[in-house]
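Pasting the structures here.
Look for chain A in each of the two complexes below; its partner is chain B in the first and chain C in the second.
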Partner chain A sequence: MTADQRKHLAVLAAIWAALLFAPYWMPLFGGYTALGSRVLVLGLGAMSLNFLLGFTGVLSFGHAAWFGLGAYACGLALKHIALSTPLGLLAGTLVGGVAGALLGTLLVRRRGIYFAMVTIAFGQVFYYIAFQWLSLTGGDDGLRGFARQPLHFGLFQIDLLHNDIYFYYFVLFCFAIAVGLMAFILRSPFGRTMIAIRENERRARFLGIPVELHIWIAFALSCFFMAFAGSLYALLNNFADPRMLHYSLSGDFVIMAVMGGMRTFWGPLLGAIVFVVLQDYISSVTVNWMSFIGLLIVLVVLFFPRGFLGMLRPRRAA
Partner chain B sequence: MLELIFFNVTNGLIVGAFYALMAIGLSLILNLSGVINFAHGGFLVIGGYLAYVLTPYIGFWGALIVSPLLTAMIGIAVEWLLIRRLYGRDPLYGLLLTFGLAFIIEDGTRQIWGANGLPVSVPAALMSSLSSRFFFITGYRMFMVATVAIVVALLFVLLRYTRVGVRIRAGTLDLETVAALGVNVRALRSFNFAVGIFLAGLAGVLAGGQLGLEPTMGDGLLMPSFIAIIVGGVGSLTGTLVGGLLIGVAAGLTAVVFPSASDAVMYVIMAIVLLVRPRGLFGEEGMLA
Partner chain C sequence: MSVLEVRNLTKRFGSLVAVHDISLTVAPGELRAVIGPNGAGKTSFFNLVSGFFAPSAGSILFDGADITGVPAHRRVGLGMARTFQITEIFPELTIFENIRIVTEVAAGYRLRPWLNRSEMAELRHRIEETMALAALSGKADRVVGEMAHGDQRAAEIAMALALKPHLLLLDEPTAGMGDQETYEITQLIRRLHKAGHLTIILIEHDMRVVFHLADRITVLDQGRLLAEGTPQEIAANEAVQTAYLGQAA
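Let's look at the complex of A and B:
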């Protein structure tokens, strides 16, 4: 085992330990368990976006659509189909992911700025649908009337609804599965190919790699992860509203990824921690929180374009 | 029925002219600077509120000219201080920076002028209805469409027949060559940015006269402008103009038969265009896409 690998393992252990014991150390710094769950869910969203943005180099600025679609589908499944938390998660992930995969076929030939514009515009379609379709979605008031259900394991059950700490561990469990899967994909030949496309699309094409297919698969996978995070968000709030589909939230995810370091695996989680905690704090002390968030975004773009974790690393290909 | 259709088509044209005005400004900046200006709606709001402040002193007609000019000057300052640093970098950063800027502008206007709607007072001569049968054709609506038509025509003349206009068009195609020919690209981009922001400011004044002012009034116009650009084809101003009018009229016509879908129809048009002609109606293969 080389020194690099040892360091890597130590960092990983520290991250997971911090997440595992979060409900116990967060209150010392004025945090609360629900905030921890929120950070994890939004962090998973930012990591899902970064799967596409940072590792394939494709800029989607409409990813909140898949997040929100997952949230709505999860809520609707709990409300109308069956009272089961895993079913809600499954429904949300599938609906958001499949919708993203289908629309992705329209998008894959576009690149760069054009891709960004088209994703923003398509993302807003779902916002309008959620806003207009009163009978199904509740319109601007949002979708209510569902709640996360206890998990049944035959002999015993876990009450997720009334115990915030249980729910935090449930979210952490889901987070770990999704993040593990992401890391696995990125280490596979497919993941390496994604990075090759990011670094030099033309060369990848010359090597005979079907670039469009790879980008489409990466886009679809990222949508599934995103929808999974969105479903968890619906469970967290017992609520879904159109703002979960709006491009402002897409922008929030992008800024989390960039702020944390979009060329790094864990960067977006760090970005989400900083962003969510800061937003939570600023909006509690001033009504002008939008200006502060806007200023934060401008400063990050101007002075920390490689993100917090990107700055720690020497400038070399990840 | 015929009157209803006529009403909705006229309405659609007016709305479409608005979309086009916004979208052409966005398109100019996108073509030459490679920046999707998320704050475009914010500049529209600034233009509108400046008109509100100026009207008591210089009247509506004065404000109609002065406030877009002032907005353009603010635009130049923003370009100098912020946007200029992003040229040549990943388009992601321009998008994010203007996204943050839009937050600051919206919050700033709300802080200064409050969240409630404010009116821009319009000369009484423009407010009367021109026809008793077609009551909806007020002088102001005709005036708006005429203003947009004149300004867009002037812009196209500028781009086609003046030296700076030719440079802007050339820069859209190949900025490096234009720079190599000795053109001051920095100044060209600043000027071009200012023209785009001028159009946003003008749209703000016109919209303020019709609908009144609100800090969030730019939001609703931003998405149709994006779609106008995508439908018309990135890189083509004519396309953007046609795209804006097209989605406006289509929304108006849809409102006749299925009012709640009138917002959605532009997305349908966009999806069809992307399926059938991915480069957009007037777009050329290989432009930015």
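Let's look at the complex of A and C:
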């Protein structure tokens, strides 16, 4: 084992240990368990976006659409179909992911700012549908009347609703599966074609890679991960509202990814930690919390253009 | 049978005729140089052969089969690889990673979620073989974007080799290089030509390189075929001298 690999393993062990014991060390710094769950869910969203942004080089500015669709579908499944947490997650992931995959077919020939603009437009369409369709979504008041359900394992069951720590571990379990799958894909030959497209699309095309197909697959996978995160978000809040579809939330995910380091795998999670924790602390002091986050973003972009983690690991991809 | 044959190849951009009625034949194992003054249509000719542009008229035969309508990425699969005048690499990746991507795509693994042990071993073997051929083995873990220009060029040639072509098109491989780097790339091209049963077509400005390497030389001028022959014949050709040195007053 080389020194690099040992260092890599040590960092991974540290990350997972920190996440595993978060409910026990966070209170020492004034945190609480639900905040930890929120960081994980939004962090998963930022990592899903970055799967596309950082590793295929394609900027979507409407990824909240798949996040919000996941949240609504999860909530509606719990409310109208059956009282089952896994069913809600499955419904949310499928609805958001399939919608993303279908609309993605219209996107793959666009590049750069045009791609970003069309994704914003799609996102806003879903936002206004959720806003207007009162009978189904509850409109501006949001979707209420559902709650996450206990997990049944025959002899015993786990109460996710009333025990925040149990729910945190449920979220961490889901997070680990999604993140593990992302890492697995990025290490595959397919994942390396994504990086090739990011690095030099013209070259990738001339190697014989059908660039549009590969961008579409990467986009669709990213949408499924995003919808999965959105479903977890509905379970976290027992609530879904149109702002989960809005482009300002898409922008938050982009900020988390860029701030944390979009060329790194874990950067967006770090970005989400900083973003969510700052939001939580500063918003309890002033309603103008966004101006402080804005200032931080300006500083990061000026002084660490590769983000927090990109600064630690200069110029190495994947 | 010839590796490459072009017949009456013409490319017009509006009223500009970049390539005008060119016919030529390249034999298996030949190292052909294409030379000519700036704007002679050399790179346009490459773009036609490699499928980047569709010709306005004429046809292209590769291994005896007509490939005039075959798109660029499919020509790669048929055994044709090229490098570019501006170095085209994956700058933030290492030499090893650059060559691995190409090798995996060439092996047909581009959509695979994983590889089994024997596929991985075979792949690693081919990557190491390619790096050794391009004399890059010692630099496997260097990030390509941070390497010297000459090494980037060698990396690009290695990437083309990883596609296992039998026709290699090199567009000005020594452009912008100093004497030492030019010498090294020239040695590399010579070694590749000798080692594999590789047919190479080379666009080049440096006449030392051309006369050092080429079996035959094709001279283009203003999109037309001006002359073709061995280096000795070309050196003695009056029309070529006029094209390069200008018309005597």
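The rule is simple: the second predicted complex is superposed on the first by the 315 of 318 C-alpha atoms of A that agree within 3 Å, B and C clash if a C-alpha of one lies under 4 Å from a C-alpha of the other, contacts with A are read in each partner's own complex, and residues count from 1 in each chain.
As a convention for this text, contacts are C-beta pairs under 8 Å (C-beta built on N, C-alpha and C of every residue); 3 or more make two chains touch, one makes a residue touch a chain.
Since the structure is predicted, the reported quantities are computational estimates derived from the model, not experimental observations.
**Q** Is A:151 contacted by the first partner chain B, the second partner chain C, both or neither?
**A** Neither partner.
**Q** Could you say whether A:251 touches chain B, chain C, both of them, or neither, answering first, second, both or neither?
**A** first
**Q** With both complexes overlaid on chain A, does A:161 touch chain B (first), chain C (second), both or neither?
**A** So A:161 meets neither chain B nor chain C here.
**Q** With both complexes overlaid on chain A, does A:297 touch chain B (first), chain C (second), both or neither?
**A** first
**Q** Applying the document's definition of touch, where does A:114 land relative to chain B and chain C: first, second, both, or neither?
**A** The answer is first: A:114 touches chain B but not chain C.
**Q** Kindly classify A:196 by the partners it touches after superposition: chain B alone (first), chain C alone (second), both, or neither?
**A** A:196 contacts chain C only, not chain B.
**Q** First (chain B), second (chain C), both or neither: which does A:208 touch?
**A** So A:208 only meets chain C here.
**Q** Who does A:185 touch here: chain B (first), chain C (second), both, or neither?
**A** So A:185 only meets chain C here.
**Q** Comparing chain C with chain B, which touches more residues belonging to chain A?
**A** B
**Q** Looking at the overlay, what does A:122 touch: chain B (first), chain C (second), both, or neither?
**A** first
**Q** Report the residues of chain A in contact with chain B in the complex, numbered from low to high.
**A** 53, 59, 61, 106, 109-114, 116-118, 120-122, 124-125, 128-129, 132, 251, 254-255, 258, 288, 290-291, 293-298, 300-302, 305
**Q** In the complex formed with chain A, which residues of chain B make contact?
**A** Interface residues on the chain B side: 30, 34, 36, 38, 82, 85-86, 89-93, 95-97, 99-104, 106-108, 111, 223, 226-227, 229-230, 234, 260, 263-264, 267, 270-271, 274-275, 278, 288-289.
**Q** Going by the contact rule set out above, which residues of chain A touch chain C in the complex?
**A** Touching chain C: residues 184-185, 188-190, 192-193, 195-196, 199-200, 202-203, 205-210, 214, 217, 263, 315-318 of chain A.
**Q** So in the complex, the part of chain C that touches chain A is made up of which residues?
**A** 50, 72-74, 76-77, 82, 88-93, 97, 100-102, 104-106, 109-115, 143, 145-146, 163
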